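Note that the chains take the letters A, B and C in the order they are written out, and that residue 1 is the start of every chain.
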Amino acid sequence: MEFTVEQIAQMLNGEIKGDKSLKVTQLSKIEEGKEGSVSFLANLKYEQFLYTTNSTAVIVDKTFEPKKDYSSTLILVENAYSAFTILLQEYQKIVADHKKGIEQPSFIAETSDIGEGIYLGAFSYIGEGCSIGKNVKIHQNVTISDHVSIGDCSVIYPGVKIYKNTFIGENCVIHANAVIGSDGFGFAPQADGSYKTIPQLGNVVIEDNVSIGANTTIDCATMGSTTIRKGVKIDNLVQIAHNVEIGQNTVIAAQSGISGSTKIGENCMIAGQVGIVGHITVPNKTIITAQSGVSKSFKKEGMILGGSPASENKEYLRSQVYIKQLNKLDERLSTLENKFQE
Amino acid sequence: MEFTVEQIAQMLNGEIKGDKSLKVTQLSKIEEGKEGSVSFLANLKYEQFLYTTNSTAVIVDKTFEPKKDYSSTLILVENAYSAFTILLQEYQKIVADHKKGIEQPSFIAETSDIGEGIYLGAFSYIGEGCSIGKNVKIHQNVTISDHVSIGDCSVIYPGVKIYKNTFIGENCVIHANAVIGSDGFGFAPQADGSYKTIPQLGNVVIEDNVSIGANTTIDCATMGSTTIRKGVKIDNLVQIAHNVEIGQNTVIAAQSGISGSTKIGENCMIAGQVGIVGHITVPNKTIITAQSGVSKSFKKEGMILGGSPASENKEYLRSQVYIKQLNKLDERLSTLENKFQE
Amino acid sequence: MEFTVEQIAQMLNGEIKGDKSLKVTQLSKIEEGKEGSVSFLANLKYEQFLYTTNSTAVIVDKTFEPKKDYSSTLILVENAYSAFTILLQEYQKIVADHKKGIEQPSFIAETSDIGEGIYLGAFSYIGEGCSIGKNVKIHQNVTISDHVSIGDCSVIYPGVKIYKNTFIGENCVIHANAVIGSDGFGFAPQADGSYKTIPQLGNVVIEDNVSIGANTTIDCATMGSTTIRKGVKIDNLVQIAHNVEIGQNTVIAAQSGISGSTKIGENCMIAGQVGIVGHITVPNKTIITAQSGVSKSFKKEGMILGGSPASENKEYLRSQVYIKQLNKLDERLSTLENKFQE
């Protein structure tokens, strides 16, 4: 890309302080800015960098007043962070993958319907009876098994594996090597100590606007569906077991795992490396802190949970403070014991 | 599928209460039952659903006595859960993947032996000197490197990567994007702070009837073999390091990790997100609760371990109770201190 | 391979005690040694095996003095462990994959440069504008997206997926199904509770001599680069988030996760299942014990951290001791309370 500072300012409805004819060619963090960079300053924690950055232009809040000399041209806007996000999105449109068409070799079963405007990368496979919507991008080395449905404008990155009967909505993004619809982990113990596989006959349903991270696994239901509601965002290396339901707009960070038949509410935030046992309910708007282990259902919405086993986070943090002072507790007790002996 | 209730009852050696001519077309949980569903009721916790379900037929224990009106036809059997499992298995046979033959494009080195009745999906690769048994199913985008052996009737799902010299027994199932035989994590520290790779020359041996989950990784041994004994069931995203041995019929849930050279006994149950350090021994029939960290060998069979570092689970739970009461302990101590001051 | 004991001894500059004409054909652990094996004894914990092993030859330290009878031929060297490592490396050269050339079908965009002596496995894909160095080995079912650079002699195992604009140095090894350059997990909350994707426009830079484990994920930066410095060794199923920097020669064990924008120093050792929050700094030479959760920056180099939230490991271990004695603390307190009542 190449724009003048003036063009950027127009795009953002901003006011210029400095040379409006300068050219910018890339977006950079203010602390990594170079000649040709446009950066932003929103959090005043980073103000110092304004006075040292080599960025050609810096987007700042209208209300911001510099305290020292600076060499960049400023673009004053209502909200610097939002304005910069707009730039990011515009930039992304320019650099986005505009690939279309069907690369060879690839495999499409005759009984499958393929929408207009799709991209299918080489070495990708679409099984029998699939329905692939318009403008879907399926990158390379993807396997889509039989009777899978993918809604318009979804993007499937390289190496994703989708088991049969999976339903994926519109505008979903599934990152590389994620696995959707693998068998639930169900085995019936036998008298001789061995296990018999319980057939997993259900599927996975992913609603619209869902994002799924790289190498994440979502198991199919034993019967019925494992369900990911619209707007859910799941990070890398997350495990979602059979018959789980994730409520809409819930966010799950990397390496967390949710066991079978558990139901997570809407608008929850689950941090990284959290574990949640099976057959429980997590209410709407619950926040679960990193590495927690949730071992039972909670009923109140909007709680913050922490620890393993998880309790209200305040309680957990209070326990942590007491634990750190156990040596003092021990000393106080010894002092009393000694006094009592006297 | 479409069966009459009578046909289902005959299959299960059951007795009918209600209309035996009704038709059923799918298996459903009792709480999700629809017209045309056959469901089961085994755990009385779910009894309420019998009185509200829309399932056409419900399989119940012979001894069960309904307490309210219900609208489904009942099928009375010795054990409702077992009977339903039989139905699941019959249903699976009907819907199972009956693919056979070799899809193109695929790659089979001339020096490899391929058994009768196999299915090889498109974009899959079989290297030099491999031996693939009868009726093996290898789905799409699988890589099988040189000198790999796979026993009869095993199923390899899409995207699985198997390194050279791996041995896999009969009736194994390996789910999508699992990696078998990657290098053990071995590096020798050098004087300058860098590391030199220790060559990993061993392999992985997987015995019969083993199931391995999606995106799970099993490293090869430095020398000798990483060994997964018969009947072991491993869930998704599990890490098995070099030279580990897992005893027969042991079950390992998602996101657990076992470090190098550790030996896990037979018939153990390892819950999710457990970590086990290297070079230790876990005895037969050990149960390890979720998120535990096992840091040393145990000797007694059949223990339940919990916590990190893990101890006998009773001890761990007792500590947890005390931790929750630390504020009270502190108050009691303060009370005594005050009394003593008086 | 087949060598005489004499040839092995010459290779290692060692002295022979026993029959120098015997033939050895494989490397084995001393406890698993067979006729034809050459083994080593470095750690005296394993001395007992010398007196029972069937290994034809055993490499020992010059200074070692046997206390019982043994049947193997000994090879005396300065340092038995180092000598054996040399043997491992020689052996690896013999058994290494000497594949070269471009297998078909594979896909190379016309605008990409491919170095001399490369191996490209079947079903692998190289996008537009890539630069692949000399003697690079790219195994099967690999996807290399547009504008990726890979340095000389690097090895990319089957199923690896590399997103666009990734830079990989020389002599790197990336194990099967790892994902490099997937989108950072960045979403801006909207007023209606939904999330808008923040475009991730940066890349991943991996310097020379880096090793990355199977099914590990490294996200691209929002802007700028996620950076893995030279000599870093990363195990399986590790998550590295956007804009993270890992200092040179740092080692990270399996299933650990590092959140966005965190900076890890040089020569650190991070054990398995560790979690590190975002936007913090871990100093050089820090050791982090397994399952720890690092929640804040530390300043001193060379600390050992443990626990979740992590503190200096000594402190953590002390707390663990106190926790185990909480029942006694409680009893002591009750005793005092009773005495006071009297």
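Keep this in mind: a contact is a pair of C-beta atoms (placed from the backbone, for glycine too) under 8 Å apart; a residue touches a chain by one contact, two chains touch by 3 or more.
A quick note: this is a predicted structure, and the numbers were derived from the prediction, not measured.
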Inset, instruction - Chain touch graph shape: choose line, ring, star, complete or other and state it. - result: complete
Legend entry - For subunit A placed onto subunit B, the superposition rotation in degrees, Cα atoms, nearest 5: 120
Inset, instruction - Please state whether the interface between subunit B and subunit C is built from the same residues or different ones, using more than half shared residue numbers as the mark of same. - result: different
Inset, instruction - Report the inter-chain centroid distance for subunit A and subunit C in whole angstrom, where each centroid is the mean of the CA atoms. - result: 26
Legend entry - CA centroid of subunit B to CA centroid of subunit C, Å: 26
Legend entry - subunit C residues counted as touching two or more neighbouring chains: 105, 123, 141, 159, 177, 215, 237, 255, 273, 323, 326, 329, 333, 336, 340
Inset, instruction - Report the residues of subunit C in contact with subunit B in the complex, numbered from low to high. - result: 27-29, 32, 85, 88-89, 91-92, 95, 97, 103, 105, 121-123, 139-141, 157-159, 173, 175-177, 209, 211, 213-215, 231, 233, 235-237, 248-249, 251, 253-255, 266-267, 272-273, 290-291, 320, 323-324, 326-327, 329-330, 333, 336-337, 340
Inset, instruction - Quick one: which bits of subunit C touch subunit A in the complex? Just the residue numbers, please. - result: 105, 107, 123-125, 141-143, 145-146, 159, 161, 163-164, 177, 179, 182-183, 185, 187-188, 193-199, 201, 215, 217, 219, 222-224, 237, 239, 241, 255, 257, 259, 273, 275, 277, 293, 295, 308-309, 311, 315, 318-319, 322-323, 326, 329, 332-333, 336, 339-340
